[in-house]
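Listed next: structures, encoded as structure tokens.
You will see chain A twice below: alongside chain B first, and alongside chain C after that.
Then we have the complex of A and B:
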């Protein structure tokens, strides 16, 4: 564990030095994310100008859900996304994955943390306060037990999201040139910003069980606003563990089938 | 002319080499439609209203159906001029006996055509899924819609060529072009129908040329624009397009004089 923390710190420092050379890119990326926040808030205002609640969630609860889901996504964007995406775009196709297999570390973790974008963490300085403000303004009775269980489930949601990211790119082991899988999560992320109640039963099964991307954001947020339900907590633990095991298993299969031949 | 047709043929072949990649991309793009479908059904159900700012639920779902189609014809991801300028590949085209801009347009058009072709089965799937909510255009409006979309592609080409040509003067613009197109998409009504905006903000959005890229074609499709306004809209699209073409030509010609071809 200590070894991974040390490696991470070195990679963060490298990212800081490297990315500092590209101030225009940093500003552009930052502007993009701020614009996304503004557009999303305008959209929520449009929605709530016509209704009082969305599937039982008021305006500020939905804003909180948005801010929380974006916090998970942005943290992974800054930390693991580029590394995970490179599996689908470069590492397998060019045979560069050898480099990570040869190291005395876990190849899945090493690939994930190899290319952080440290400046992308800056957006969290807007997103986290927005989430806290929205939670306060929601008018919901939030007790210490809510906060406690929220933090536990949020951590699990963060880990679950990571496993889902990895699952998306694992097909790259077998389909050498399939870049589109590197962007699947970007498209599915949109599910996370709305309460699960708006979706039909079929979609709910898909996004809460089969590919539980909504579980990662919706369950922790529900625990914060409503009395903690033991079934939510147990489900979150079980599904995170199940997808963790599945991810590790499929990654192992992928590594076994990896031929190292580049195209 | 023959050389351009040969080039177009090569573009098609290159695209089909990796068709699985595009198919996966298209399949997962469908999630947006299903999210907005669920979202607006929930909104209309909660509000208890049959109409929101003159839009029924069917209008709204149709809007997103049309938007999903127009996204397939969005040139923004298929123009490579800026990248070619920045990495020096433009030199290869400049020394060949053809018009560089025409070749760029052909490349983009081949990408759009194949994307549209691959999307067709999925469009039918969406149509069947949301059959009760999708309003089809009547008679002549089909033709009007096709013309509007084509003019929208022309306008989008003009705007994006101008943005890409700025690479000559300002260096790598990839991030900025994506950023500007993201903003343009929002202003154009790619996120929600512009009619849902409050009056003051809507007037501002309507005064910009970008609404002709998404909102206007979708409204033409739904027969929500009087014929006289359709013609006026076309005139404005042509006018704005020509304006951006003129600016692009000036920037491009000036840029070519500065272009060293060394690449990054």
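Then we have the complex of A and C:
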């Protein structure tokens, strides 16, 4: 564990040095993300000017859910997304994955953390206060037990989202050129910002069980606003463990069938 | 115990092919890359791995380094099954590929080295000592602060090699480390590898298309073709076995000398002003006597057949 923390620190430092050389890129990227937040908030305003609540959730609860889901996504964007995506675009196709297999570190973790984009963390400085503000403004009775369980489930949601990202790129071990799958998560991210109650039963099964991307954001947010339900907590633990085991198993199979690229 | 033991290693690459007209009938295309290859390599040996393109050299190295799994067969490297990827094994092994970079493209070399220090959990003193040694031996002090993308191929390869030796590996696989390099860089790298092999007793396996590398570094060569081992032994024995001849070269100064040369019996040819005769070792004395009688001794040289020519002969036979 300590080794990975040290590796991460070196990579963050390197990312900081590298990114500092590209101020225009960072400013434009940051501006785009802030614009995205503003557009989303305008969109929520439009929705809530026509309805009172969304599947029982008020405006500020939905804003909180949005801010929380974006926090998960942005953290991964800053930390693991680029590395994970490179599995589907470059590493397997060009055989550069060789070097991750030849090192005494976990290849899945090493690939994930290899290319952080540290400047993406800046957006979190806006997203986290927005979430806190929205939670306070929601008018819901939030106790310490809610906060405690929210933090536990939020951590699990963060891990679950990571496993889902990895699952999306694992087919690259067998199909090599799968640039499109590296973008699947970007499309599915949209589901995370809405309460699960708005979806039809079929979609609920899909996004809460089969590919539980909504579980990662909705369950922790629910625990914050409503009395903690033991079944939510158990479900979150079980589904994270199950998807963790599935991801590790499939990654292992992928590594076994990895054929590298000719020199 | 040998550093490397491989028994009947076979690797078949399988590719699934289909066409749009008959999309539900997928066809498996199999390519045999390594075919029941067995070998033993002792600790501290420097072994040359030769073969034409597509012979299976790189695939075999990747199997031994744990990067890919074989289809069948067994192997132990330093007592470990490589493809199980035990960290204790990976900590003692390194692989250098001449055509791929393991260092970070946008970073100065020293930052990549620092990262590898953490990856291999190298104690600070060992890291510093090894880095100092590499910097001195490879004369790469000015490269430390230079970004990889701004380096020449030769500079990059020096950094790649230095990176691979930072954790003092007991075994190193070198896949064409001098490819594309100029004579000066190749020479520096050969010198460095030789030094490390002699001083640290690191077991090294080298694949290269440049015979100069193999002749300068390896006493033992293993030749593979179409995934199968064709030869395993010393370079000297290889020549004796496949080219038990010597080459007599005569510089022919005049037309008269060329006519004289034409009269000599045996396997001969003229390339520009050079007359070349290939003679079996047992007949060498008699032929030399004739040659020295007819041509000025300072224009005559006797050499072994080029290794490249010998290897070419082996592949033609197969």
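Basically, the second predicted complex is superposed on the first by the 261 of 263 C-alpha atoms of A that agree within 3 Å, B and C clash if a C-alpha of one lies under 4 Å from a C-alpha of the other, contacts with A are read in each partner's own complex, and residues count from 1 in each chain.
We take it that a contact is a pair of C-beta atoms (placed from the backbone, for glycine too) under 8 Å apart; a residue touches a chain by one contact, two chains touch by 3 or more.
Here the structure is a predicted model, which means the values were calculated and not measured.
A.B. asks: Could you look at A:194 and tell me whether it touches chain B, chain C, both or neither (first, second, both, neither)?
C.D. replies: It touches chain B, and chain C stays clear.
A.B. asks: Using the superposition on chain A described above, determine whether A:141 touches chain B (first), chain C (second), both, or neither.
C.D. replies: Neither partner.
A.B. asks: In the overlay, answer first, second, both or neither for which of chain B and chain C A:181 touches.
C.D. replies: In the superposition, A:181 contacts chain B only.
A.B. asks: By the touch definition at the top of the document, which applies to A:29: first (chain B), second (chain C), both, or neither?
C.D. replies: first
A.B. asks: When the two structures are overlaid on chain A, which partner does A:7 contact: first (chain B), second (chain C), both, or neither?
C.D. replies: second
A.B. asks: Looking only at contacts as defined up top, I'd like to know whether chain B or chain C touches more of chain A.
C.D. replies: Residues of chain A touched, chain B against chain C: more for B.
A.B. asks: Can you tell me which positions in chain A touch chain B when the two form their complex?
C.D. replies: Those residues of chain A that touch chain B are 24-25, 28-29, 31-32, 35-36, 39, 43, 46-47, 49-55, 175, 177-181, 183-184, 187-188, 190-191, 194, 197-200, 203.
A.B. asks: Please output the residues of chain B touching chain A within their complex, sorted ascending.
C.D. replies: Touching chain A: residues 18, 20-25, 28-29, 31-32, 34-35, 38-39, 41-43, 46-47, 49, 52, 172, 175-176, 178-179, 182-183, 186, 191-192, 196-198 of chain B.
A.B. asks: What does chain A use to touch chain C in their complex?
C.D. replies: Residues in contact with chain C: 3, 6-7, 10-11, 14, 17-18, 94-96, 98-99, 101-105, 110, 256-260, 262-263.
A.B. asks: Quick one: in the complex, what on chain C touches chain A?
C.D. replies: That would be residues 13, 58-59, 62, 65-69, 85, 87-88, 90-91, 93-95, 97-100, 102, 104, 106-107, 111, 114-115, 118-121, 175-176 of chain C.
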